[in-house]
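Encoded as structure tokens, the structure appears first; notes follow it.
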Amino acid sequence: MADLAEVVAAIAARGAEATDRGRVADYIPELAKVSAGHFGIAVVTAAGAEHVAGDADTPFSIQSVSKVFALVEALCRHGEGVWDRVGREPSGSAFNSIIQLELEQGRPRNPFINAGAIAVSDLIAASCEPGAAIGAILARVRALAGDDSIAVDAAVAWSEAVTGYRNAALANYMRSFGTIAGPVDATLSVYFQQCAIAMSCRQLARAGRFLAAGGVQDGVVIVSPERARRINALMLTCGHYDASGDFAFRVGLPAKSGVGGGILAIAPGRASIAVWSPGLSPQGNSLLGTAALEQLAQAMGWSVFNPDL
Amino acid sequence: MADLAEVVAAIAARGAEATDRGRVADYIPELAKVSAGHFGIAVVTAAGAEHVAGDADTPFSIQSVSKVFALVEALCRHGEGVWDRVGREPSGSAFNSIIQLELEQGRPRNPFINAGAIAVSDLIAASCEPGAAIGAILARVRALAGDDSIAVDAAVAWSEAVTGYRNAALANYMRSFGTIAGPVDATLSVYFQQCAIAMSCRQLARAGRFLAAGGVQDGVVIVSPERARRINALMLTCGHYDASGDFAFRVGLPAKSGVGGGILAIAPGRASIAVWSPGLSPQGNSLLGTAALEQLAQAMGWSVFNPDL
Amino acid sequence: MADLAEVVAAIAARGAEATDRGRVADYIPELAKVSAGHFGIAVVTAAGAEHVAGDADTPFSIQSVSKVFALVEALCRHGEGVWDRVGREPSGSAFNSIIQLELEQGRPRNPFINAGAIAVSDLIAASCEPGAAIGAILARVRALAGDDSIAVDAAVAWSEAVTGYRNAALANYMRSFGTIAGPVDATLSVYFQQCAIAMSCRQLARAGRFLAAGGVQDGVVIVSPERARRINALMLTCGHYDASGDFAFRVGLPAKSGVGGGILAIAPGRASIAVWSPGLSPQGNSLLGTAALEQLAQAMGWSVFNPDL
Amino acid sequence: MADLAEVVAAIAARGAEATDRGRVADYIPELAKVSAGHFGIAVVTAAGAEHVAGDADTPFSIQSVSKVFALVEALCRHGEGVWDRVGREPSGSAFNSIIQLELEQGRPRNPFINAGAIAVSDLIAASCEPGAAIGAILARVRALAGDDSIAVDAAVAWSEAVTGYRNAALANYMRSFGTIAGPVDATLSVYFQQCAIAMSCRQLARAGRFLAAGGVQDGVVIVSPERARRINALMLTCGHYDASGDFAFRVGLPAKSGVGGGILAIAPGRASIAVWSPGLSPQGNSLLGTAALEQLAQAMGWSVFNPDL
């Protein structure tokens, strides 16, 4: 078994030097301002040990990685009733595609595509006081990361809101079928704000640790072991939009990516891992982040498909 | 940890008694003749120990489970070049859908939907003497199962050929894009015959054992450990057609189902498992077989998402 | 040649007595209040003679029939530049489908499906003072009908606005591609109001008369003869959503239907015809209105495909 | 009114000199051999007068124009029962798209897209002795053109058959739904041969004359006046695949194009018109042929949307 600290350091060194760094997302103007030069990694073991390297303490926009935490929040509030609104299948189409919604009567295929995440935001809002949903999600993230300084980046949230026409199309379309029940604008506001939460790799890896540890964090049951397994299953099959199959093939870990360049990956029983590099692959996932996770999983033998003989 | 033999016996008892047994596939006339009353299970551990119960030694039509063995054969013949022809992503549509092929210029999304499997059959045929491809696949299956009595059920193959218009549509469509290169009829003949291979649960579980053991079976390297991991990843993300996400969510094991009612599941490092019950869910997967695997994975803690703390 | 007055009277008699009257639209609550018992018809010849029968002077919600007048207004303001925003092809899908928009990068196929009409409303708004677009459309309709009493039914407009989530989805989706350029809410407001214009059959037939007369009405050139022909062509190929082919097959006249149960049909060189009966076919077109037009075209030999030998 | 002979001569002169001639179809190898330099036009009036110019007596492959004659043959054999198998709506997609077939359970939208025409060929074959269907279609064409020398170009038919994988996909797909009932290979053979019928502009215009004359040719009733109108309606809404709307908009005549570069157009009550120039537009319709028809319709005032005031 390789030494984790050495592996993390070597990956960060490679990440800092890489010349092909992908392309920073530009469809949200505020995100386009981030330099492609960043690379950070943080590994927090199930037991709590931390190994970080590179820009591991620089906050970035977690974007769709937030969908994992919003799902946890919704499951805690609504239990398995969440699945009345969203499915659990890979979508077979782009993260913001609306075709599937029309073919399947307004029901999004899973909670990690945009439509599904908007439906989840709406579910959370339904069980909160007006305006309190984003607070509930943020409180959840802060508690999991053990860090009350985590906040929504208002400039990013605003930037998304004023350019988020496709998300508004998805929300209105679902509203016409009753998949979302609340006011469209309010639901979208929750969604845009949750996507704009800013966290560092270290904070993100800490926040995901319970998923590597059977749902428990420092003795507190966040979710049941079964629910932790299931969230990991969803991350594996649906966590990288229409590149989920390839990520499972190459890396073999449950993970959720965001267009801010962050990825949260879980090695069940081993560690929670966060990587960040803003340059994206054509499919919209962090190019160096994916490569880093492939190297880490390979070096440590952490693929869930590894037989551990 | 539960006792494996007891768990297997209990599952078989439940499988024998179940009243809601699903619906036997009727679109292939020969398959419609099989009684829904059957239930078999075989678990072969990575080390080679066997636990069987119910109709574990009754041969059945493995149908799409054969796609795993054909993929192995194609990978051994063409290496990673296989992925020039087929993708590695969940399809997001039905097993026999042709829409995706038109939207993506004739390239099937993965080797486990019909279109992808036909492309894989074509690749195998391209590296064989004329007419020898089905022999190569059969030889592969016999060697893996250690049983030369395994054979193609000619009546089933014929039944599929004379009713296989949608598969013929898929094949001709791909031929127009060059995704398959050989004569359409010859390629379809290989495909229909491989689907008509008859095996028992015991034979099937034995044949899949290398996938639970890092690619090695009785000291022989069938595929590299990396390739074994990757095949398992594909089975997890794509093995149950458009119910793959739900299977991962509920069971958490790489698996491939067939409309004959069989499922081959892999618990990496632990065991190769074959279940058989001909009644299907609406999505086309064995109803009792899926339930049995859910019970087994739960009882033994074998989900790949289990942290094994 | 049959006598027009007699034909009109006979059709109205049949329309009043029919027992199978279709189903009144209920997706806009305000429209659902209208009785299915109404039937009106008005024929205004190219020369200006009028033949009316039944409820020909009862105002109803013209809904999508308004798309013809909005197109005329947009063509007068932007000329052939309109076709940079919308196509001229039948859609091959439902009036409110969004799939085509995704497959064709946000460009609606024609100005008579909802998406295309919203894009036309946006074009009109772009060349008006803020808030003045609906006034311009209404002024156009009043001038064509020669009747300043024509107005927007505010209750219907409001009813559409508060339930118009699918139209909001279409508008937001197009806004993301730049097909509409103005504020989404403002554009939708124009669209909902134009659909809520209330007119009687007599007013509607008068307003369409220029299309039967080469673009000229009472000596005034509304549009050029070529443009009149082209608008008629669009009405024939696209005027009944996904039942346009069948309408051309059965009736053979350019026409535009609305879910309020009205249809405006043009017999070039002969007459402008308006029929109204609120009950709809499953495809969303007035059941008795379509039948009436089929009888009229047959009796008078007015199909554009008639050789007039 | 312009002088028809002069108009035809002027159009042919322009057609001979044009420099932008489009691109000759190359997906059927035999068609790719034809020179783009050809241009022919033949106008046969309803009364039988003929005006021809350019390469009006050179035979070319009529390809999809044959679908009009096959439809006539099927209607004469099966009456309105034809519409149980195929629809009457524009497809909204490419001539060889298979997506619509999956979304609408194997029923083609109209008889002029490939799938619909194959279904029509199958219907004709069902009412003939084995092997006699192509003979029946050819006899129909010869009788309408009054010319027994018209024949199938065997080299073209063969060229289509050996490369016709997408048509084979469509046929097999429809066979799986029962839309075609006969042996797939036999049906495709009829279809490929009918498309390979070779005719000159003069022969083609003669053969279409009954459609300009209310179904009657030289005193013989070929089809009823109503059926003639309806076939013309179908040609207008569906005759140019996914460019039908634009053709109606620009030309305003019922017409059917073929990838051989021929177009048959009907001016009801006036004339049957055939044009031929092998170079195609990106949508697959004769570039110069379409322009010629636009000029002719404009010069003669023959658009069906012309008010003839």
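Labels for the chains are A, B, C and D, by order of writing; each one numbers its residues from 1.
We adopt the following convention: contacts are C-beta pairs under 8 Å (C-beta built on N, C-alpha and C of every residue); 3 or more make two chains touch, one makes a residue touch a chain.
Chains and their UniProt names: A, B, C, D = Glutaminase.
Please read all numbers here as calculations on a predicted model, not as lab measurements.
Visitor: Could you find the chain whose CA centre sits the greatest distance from that of chain C?
Guide: Ranked by distance of C-alpha centres from chain C, the top chain is B.
Visitor: Compute the distance, rounded to whole Å, between the mean C-alpha positions of chain B and chain D.
Guide: Roughly 47 Å, centre to centre.
Visitor: What's the distance between the Cα centroids of chain A and chain B, rounded to whole Å?
Guide: 32
Visitor: As a quick test, compute the distance in whole Å between the mean CA positions of chain A and chain D.
Guide: Distance between chain centres: 55 Å.
Visitor: Please output the residue numbers of chain D that touch at least 2 other chains, ranges allowed.
Guide: Nothing qualifies.
Visitor: Write out all the pairs of touching chains, ordered by chain label.
Guide: Chain pairs that touch: A-B, A-C, B-D, C-D.
Visitor: Which residues of chain B touch chain A once you look at their complex with the stated criterion?
Guide: Per the touch definition, chain B meets chain A at residues 46, 87-93, 100, 109-110, 212-214, 225, 228-230, 232-234, 236-238, 242-246, 248-250, 252, 254, 268-270, 303-309.
Visitor: Would you tell me which residues of chain B are touching chain D in their complex?
Guide: Contacts found on chain B: 97-99, 101-103, 165-166, 168-173, 175-176, 184.
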